[in-house]
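Input: a single structure, listed below in structure tokens.
Letters A, B and C name the chains as they come in the text, with residue numbers starting at 1 for each one.
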């Protein structure tokens, strides 16, 4: 890493960190550079990989790619107010493709598989615990079942949460709170890890104070 | 002196200190390392200062946010100078991924998908290095690819790091025969779907432009049925969720995952359902895997800072709650800026 | 026709993907392949649209000398520098040693990584000032967070090493993650999945039309 590169990296890193003191011109400058650089980066990546790599180099073998390019150009027409309505066609294509693909993926992986994984360990020795399962394993599977069921009951807002239904929903909230607490803990871990990476750059790569 | 003048003086002091440290570095001076005694003294001083903050908070004087920021900065920075070691206790899901790799017979093909970019590297790069190193140690064939544009570059950096180990270099591993980098392909989850029928349709050349059929390792790899185990290193979309939904549930791929800590809690659901065969979550997961693989990289090095940071955050939460319960709810809810 | 054609496009594309899930062979496999390639191309054009819009807004700010117009000028200049360097380097733009790669390594990465890293400070500050065990649910959330934060780092094992095996803080954190956390997470996942499936079905069947806009 040469001197200019490492000092530039340090200047930009400290500029963003200066926001911890207060909003200031140094931070605003770094933020503006970030916005411009991000936009430029993604334009270049998608230009070379999607438009040149996929369309320009592939259209000779597969003329059907012209349809994709026409849809893409129609997307750009959004900038012209008089004919901007045509951009609905590529948008409709994007929404349709995403809906169709995601519908089956989420149905299979996130619903059917998950319901099966919740119930089957209680009913079958082929899934999860066998007949040699200890008390702790059996209790854990029951907790998973109760937690999933009560959590789903909580999210059912078409019926008022009263009586036995309300109590079930309340148990569900407890499990969801545990989930949020665990997510918070992991989020702290993740942010701290990223901060450690930057501090390692500042103290190690830039100032040479640590190994 | 006005506030502005003080700020400028502070900024000037930081610049001067940075220049001195930089000149020191360029001059060849080594890193600073605290002895064990010094490390313990520093820890005790920080603990005492936290106790002092607890006392102040109980008295109704909440400390300013900048003091909290300083504590976080200190908690993350100072351990990097310390030479203390900690015992790492691998969790079952990390052991599961380790076992899945070590149980593969020699010559098995492992597909590793690098679905992250450099900002997520502090968490995922240590995992990548130790997984690749383990595969190469056990004579497994490694096929790398990426659904994120910078993924394949991270793969190359990981391989370079692994080859710094003479034990691996002495094996005489050859690119294209023992390991290969297929590069990046745009299309997100659609790429995984097309790989289900043909890898070559998505990766007609490797990262360096060599045609697929000229690479001995992959020329007979038609699709996922020719892969023995897959690992996905993911920082977001597209990532592990898409790999599970398409590769695992449609094509029956055996998949392990390494995720950033933000994503990891969601993956326990897939782990419980058997859709994932092993999970390494965040930097702590990376250090656990390094411990199992007997390789001490950055995951292990950073864990002391991670421990300190967590303790500081927990301490502040406890201090705030102690004040809330002892100091009266109303006064504790009001923040007092310095 | 301005509304009917987009609805027809959505329906056809969506139905092809659904059928291709069950029948991946010709013609549905081929059609889903085409659609996924077109998706990538449209994605490329969409980002160009976004970038052009950003430049348009920034340019208006500069020309009208609105507040902080200087930073808008910085946005434009940085964008042009990155785009010109990427265009100049050609298809090998991300290879190490290129000007684009230098900009990515020493401009984009420090900024992007630090933007995420700075959240660590705010998480700690917010935890100190606002994270209160006001009721049972909040207490449960806090306890789960404690177990996970302390159990997932080596200091958790150190603090609980006097406990019998299987009862270390790390073991408890593992149990929390694999059992109650997974249960709650699964409930959320199934709920979201049901929402996605029903919304996708409504979109494909043309019952949900918000994506094609209102008016004409």
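Heads up, the rule we're going with is that a contact is a pair of C-beta atoms (placed from the backbone, for glycine too) under 8 Å apart; a residue touches a chain by one contact, two chains touch by 3 or more.
A quick note: this is a predicted structure, and the numbers were derived from the prediction, not measured.
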Partner chains that chain A and chain C have in common: B
Chain at maximum distance from chain A, centres defined as averaged CA atoms: B
Distance from the mean Cα position of chain C to that of chain A, given in whole angstrom: 4
Distance between chain centroids, defined by C-alpha means - chain A, chain B (Å): 16
Euclidean distance of C-alpha centroids - chain B vs chain C, Å: 18
Residues within chain A bordering two or more other chains: 10, 20, 45-46, 49-50, 53-54, 101, 106, 110, 114, 117, 144, 179, 182, 186-189, 192, 194-195, 197
Touching two or more other chains - residue numbers and ranges from chain B: 69, 72-73, 76, 119, 149, 186, 190, 250, 265, 269, 272, 282, 284, 306, 309-310, 313
Multi-partner residues of chain C (at least 2 other chains): 21, 36-37, 39-40, 43, 94, 104-105, 109, 112-113, 116, 120-121, 123-124, 127, 142, 145-146, 149, 152-153, 177-178, 181-182, 185-186, 189
Touch list for chain B against partner chain A, complex: 18, 21-22, 24-26, 29, 31-33, 66, 69, 72-73, 76-77, 80-81, 119-123, 149, 184, 186, 189-190, 242, 244-246, 248-250, 260-262, 264-265, 269-270, 272-275, 281-284, 298, 302, 305-306, 309-310, 313
Parts of chain A lying in touch with chain C, wherever the complex brings them together: 5-6, 8-10, 12-13, 16-17, 19-20, 28-55, 58, 62, 64-65, 67-69, 71-73, 75-76, 78-79, 85, 88-104, 106-107, 110-111, 114-115, 117-118, 140, 143-152, 154-155, 172-182, 184-189, 191-192, 194-195, 197-198, 201
Residues of chain A that touch chain B when the two form their complex: 10, 20-21, 45-46, 49-50, 53-54, 101, 105-106, 108-110, 113-114, 116-117, 127, 144, 179, 182-183, 186-190, 192-197, 199-200, 203-204, 206-211
Residues of chain B touching chain C in the complex: 62-63, 65, 68-69, 71-73, 76, 86-89, 91-93, 117-119, 149-150, 153, 186-187, 190, 193-194, 196-197, 250, 265-266, 268-269, 271-272, 282, 284, 287, 303-304, 306-307, 309-314, 316-317, 319-321, 324, 332-333, 335
Residues of chain C defined as touching chain B within the complex: 21, 24, 29, 32-33, 36-37, 39-40, 43, 94, 96, 104-105, 109, 112-113, 116, 120-121, 123-125, 127-133, 142, 145-146, 149-150, 152-155, 157-158, 161, 168, 170-171, 173-174, 177-178, 181-182, 185-186, 189
